[in-house]
Amino acid sequence: MAAKLPTVVLLASFAAVILSLAAPLLAGDPDMLQDICPEANVTAEDFFFPGLGKPADVYSGNPMGSAVTAATVERIPGLNTLGVSMARVDYAPWGGANPPHSHPRATEILFVADGLLEVGFVVATAAPASSRLITRVVPKGGVFVFPRGLLHYERSVGEKPAVAISAFDSQLPGTQAAADALFGSSSPAVPTDVLARAFQVDGGVVENIKSKFQHK
Amino acid sequence: MAAKLPTVVLLASFAAVILSLAAPLLAGDPDMLQDICPEANVTAEDFFFPGLGKPADVYSGNPMGSAVTAATVERIPGLNTLGVSMARVDYAPWGGANPPHSHPRATEILFVADGLLEVGFVVATAAPASSRLITRVVPKGGVFVFPRGLLHYERSVGEKPAVAISAFDSQLPGTQAAADALFGSSSPAVPTDVLARAFQVDGGVVENIKSKFQHK
Amino acid sequence: MAAKLPTVVLLASFAAVILSLAAPLLAGDPDMLQDICPEANVTAEDFFFPGLGKPADVYSGNPMGSAVTAATVERIPGLNTLGVSMARVDYAPWGGANPPHSHPRATEILFVADGLLEVGFVVATAAPASSRLITRVVPKGGVFVFPRGLLHYERSVGEKPAVAISAFDSQLPGTQAAADALFGSSSPAVPTDVLARAFQVDGGVVENIKSKFQHK
Amino acid sequence: MAAKLPTVVLLASFAAVILSLAAPLLAGDPDMLQDICPEANVTAEDFFFPGLGKPADVYSGNPMGSAVTAATVERIPGLNTLGVSMARVDYAPWGGANPPHSHPRATEILFVADGLLEVGFVVATAAPASSRLITRVVPKGGVFVFPRGLLHYERSVGEKPAVAISAFDSQLPGTQAAADALFGSSSPAVPTDVLARAFQVDGGVVENIKSKFQHK
Amino acid sequence: MAAKLPTVVLLASFAAVILSLAAPLLAGDPDMLQDICPEANVTAEDFFFPGLGKPADVYSGNPMGSAVTAATVERIPGLNTLGVSMARVDYAPWGGANPPHSHPRATEILFVADGLLEVGFVVATAAPASSRLITRVVPKGGVFVFPRGLLHYERSVGEKPAVAISAFDSQLPGTQAAADALFGSSSPAVPTDVLARAFQVDGGVVENIKSKFQHK
Amino acid sequence: MAAKLPTVVLLASFAAVILSLAAPLLAGDPDMLQDICPEANVTAEDFFFPGLGKPADVYSGNPMGSAVTAATVERIPGLNTLGVSMARVDYAPWGGANPPHSHPRATEILFVADGLLEVGFVVATAAPASSRLITRVVPKGGVFVFPRGLLHYERSVGEKPAVAISAFDSQLPGTQAAADALFGSSSPAVPTDVLARAFQVDGGVVENIKSKFQHK
């Protein structure tokens, strides 16, 4: 019966999916209205993604020494409305780092598939107390949790490359890397004096950091 | 300041966590009210679980040839209110199976860490059409999704043991294995004639299946 | 003002409704964004369904001796985004049964409008304990509850036909009947050896049950 | 294991249930964290209520000619966290009315079990347009929907008593009857001049209406 | 990439926004799926509204002596899916009143920016207890809360005009003014005898009140 | 009846409230189960907070030139489960800034009560594109929105002190100030080499910034 819908309606029915493919970030999904969405003519391919098996390149021209491969609704259309997604993160040995970032719409649960990771997230505490870091070394086979919306990082602290498989309670968790968001945003940039005041440095230091994040 | 709360209140504050530890199943969590819950005196240990690194025994006295190791709020107290959990599933080669089951409160996203898995879930379709199986072989490094509340299974179809890392959008997704729930429940059992009518077999066949699920 | 929207937009605005009509199952709805959806040009007919007053045929060619008449968003367009639906179930006397099934997106609350029903649902309990059946006879005028996503059944145990009025916390709760889902699914079928292992019977028993669920 | 929890914790674990029993109203529930809540030592009686089978008295000292019998979490403890409830409403023939009221936390779906009902709900429309009534006569066997939080009423328009079975997407939907809330509230009352201005009548009319709602 | 979508899809993607502009009421929003929605080509103007700075006219032809200026998704398209909105309310001195009303989809938190307000909301309590008014005078700089779906009012009790800035946990909270909904609805009107019975007055009083709410 | 509950239960019933008072952050609340929570013996004082009327000190020993006064569930117990809160922010003239921060559980809608503010938030865009700043000057009487979980800032750009009234769709939105979270966290600190790599500066620069955030 769905096959009889006019083309315009079918196009429209995919708009939500297509638009979210254009969406760069995300976090915290509503409940499902159907078993799967859209339901018509789905096949197993809509629920499958082959690409978390191979290491990403964390060496060439990669100042962080880490790389994320995402398996979100952008690559698994069947995830639409299902409220979960995954990612693989590769880390160079001895210091490859996924720099401090947060996911605005999801908690992350991370499984260390290989190597040795130091992980941490920051909990803000009421003034006059300071922010508090919750941190630990997680060995291969260990699991750690980063609560929704909080800044966190991972760093390889072993002699071989590390690999993490992370899952999120959102079809598109979004990622906001703090340094890039503050010093690398453009059109326009965050004002230098706002950053100088926030980080309590002079404007020259801010301009210097900004220069590192110029996107070509 | 939280340290000044009377003991009875602190005990009470853990009641939700403790009770959910006693809860055998689960699925589909409300949003968070705090960053982490409870917040007082948490340490990194509350967000860590070391035990997904080693294979479980899938051979001795295991008729299914599979075993699940869960990393839910029962083992990671810090997951409380965070809406995610994980599990590792081990499968014997050539046929080790996680039998048809559903999670009443969560979608599952499965990553094949090793081996080769055939996976499938059933979508009900409106009468007079039949139920429809969505199925595929997933190689090492592949990802597959089982929508919330739908019956699904996995089966090892390779010559080496298979390993899956699964994540759920619930701190405690629950599991209802169809055969055990229907033929193995007790105090009392599901009536034989209900099952005979449902499966369209005679009562002797039902009694025979029931005898295989007697829990000591 | 809505009347001035181009046709294409109006068609699009109904796509969510129309697509969910094509959806065979469902359960567990997000909150509302408007009082009613869509809001333009609604009439009382959009919120009305006349058809729960008459008994369905539970005798002719009906191996279960029961029949469900649904009043979901498929038949009441005004239910869209409102999070509830209803159904009437008719049962033949002495054994007419709604076979074990679950609703992936809704809890069910059942009112016995006529006759006498035995009802039950299964709660899974942590290993090594077995599944547990919660069951009771419900007389005319009684109410019983089946929690979201759990397998449950009803069976007429009186000398006259039974009638139930059930409600769900979803505009489209979905239904997955266990026996039909496992033994009746097609394109392709659930593999015989998966079912043989799950139910701990030999392949011939599985094939025999499958033959009863062949949909023409 | 739950049996080993100290008494204080068990008491605490029931606090949410007990407090909601003290709660006079309700509407719009979060998702479940467990299959059933609390889970320990539940029996079928926790999910059962016998009392919707008999007509309530709608004649003696009942100015509205209607009476509601509720089957909410207050009477079915197993409904806790499950997000649904039911009620039976009896109406005297020719005019027995459930006066205009709203449920702050639930949509209502109403089934006419007997008699003939006129039903209606009000949708507000943007100024300068007026409020709009969506109304219809619903015969025996018919279903009608009242969206969450909107004022609605039912009135018997047949020659025999009417009976409705209503369901809600909340374990405790709450009820706010407009006339009683505005003219019958006390400790203190809504100021007469606020009501006079709102209803555009003089203070004497307000005082007269208030006198009808004095609760002894 | 979004720029390459066919026009029809782009139109469709705005349908949810546009339809909600046509929606006269609202309350209680689902979670976000993206950072912002739609995401393509948004500018700061989509998140900005200039118009809460000036007092509205509360004198000319305004029987209530109050006026609401809303800043919802209808005027701030970027609010779509973000779950909040604001409004400014102006009150004439000495009695200007926002008459008893409720928001079906939102709790309201009100800040007194100027003047002196008496505020109140009604909590229903179980029979045989009466409705209960929770009321207080709130000075300039004070904050008060009206829970979701409950009838509430504000009244200026100072010698200068009062101003409130209110916020809601919904992009479109909806407003149902009790007197206008009951006595001013049309096409058709709420039947006079229903209102007479509900308010326990005779039909002439009802007709008189109705005559004040005739919308031209 | 609630008055007859044993003391231990009453204490327990307040545990959720009290613990959230100890919670330093927050964002994104579940729906309500009751009209108000707890319901017993509430008074108008539970829904009132007097303290947003006076300017906070933004001069003495305040390197940012801004100060936040919160009106959350910590100060308004009646907000518990209601899903909203408010705050007042004061800014020194010409540059007083609320430094870049995010709210992990809430969208913010900001009203400029006085002065002139420049505001902005950062949207991450998919690689290889850069982060994008959405920014604008908001005059007195204007409204602006910061989506949930995204970094944002405000800065006074007028010649008189600025004042903002902000609201959140959470009873406790939480605040994570990026610079303080990353450079000021302790017990232990975020490792210097993680920050050096993330901000692409040498360790001496990191140590220098850290020294500014040492909490006594």
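Lettered A, B, C, D, E and F in written order, each chain numbered from 1.
The definition used in the following text is that contacts are C-beta pairs under 8 Å (C-beta built on N, C-alpha and C of every residue); 3 or more make two chains touch, one makes a residue touch a chain.
Heads up on the chains, UniProt names are A, B, C, D, E, F = Germin-like protein.
All of these numbers come straight from a predicted model, not from anything done at the bench.
S.K.: Moving only between chains that touch, what is the shortest number of steps from chain B to chain D?
M.R.: Minimum step count, chain B to chain D: 1.
S.K.: Among B-D, A-E or B-C, which chain pair copies the contacts of A-F, with over half of them the same by residue number?
M.R.: B-C
S.K.: Pick same or different for copies chain B and chain F, depending on whether their interface residues overlap by over half.
M.R.: Under half shared, hence different.
S.K.: Express in whole angstrom the distance between the two chain centres, defined as the mean CA positions of chain A and chain B.
M.R.: 26
S.K.: From the C-alpha centre of chain A to that of chain C, how far is it in Å?
M.R.: 38
S.K.: Please list all residues of chain C that touch 2 or more other chains.
M.R.: Only 8, 12, 15, 24-25, 27-32, 35, 39, 104-105, 123-124, 135, 147-150, 174 qualify.
S.K.: Would you mind giving me the full set of chain pairs in touch?
M.R.: A-B, A-C, A-E, A-F, B-C, B-D, B-F, C-D, C-E, D-E, D-F, E-F
S.K.: Under the definition above, what is the set of chain E residues touching chain D in their complex?
M.R.: Residue positions touching the partner: 24-25, 27-28, 63-65, 95, 97, 99-100, 102-105, 118, 120, 122-126, 128-133, 135, 147-151, 153, 155, 174-191, 193-195, 197-201, 205, 208-209, 212-213, 215.
S.K.: Would you pull the chain A residues touching chain C in the complex into a rising list?
M.R.: Of all residues in chain A, those touching chain C are 1-2, 5-6, 8-9, 12-13, 15, 30-35, 37-40.
S.K.: Provide the residue numbers of chain B that touch chain A in the complex, in ascending order.
M.R.: 28-29, 31-32, 35-36, 39, 42-45, 47-54, 71, 76, 78-79, 82-86, 107-109, 111, 113, 123-124, 134-136, 138-145, 147-150, 165, 167-169
S.K.: Quick one: in the complex, what on chain C touches chain A?
M.R.: Going by the criterion above, the answer is residues 8, 11-12, 14-16, 18-31, 104-105, 170-172, 174.
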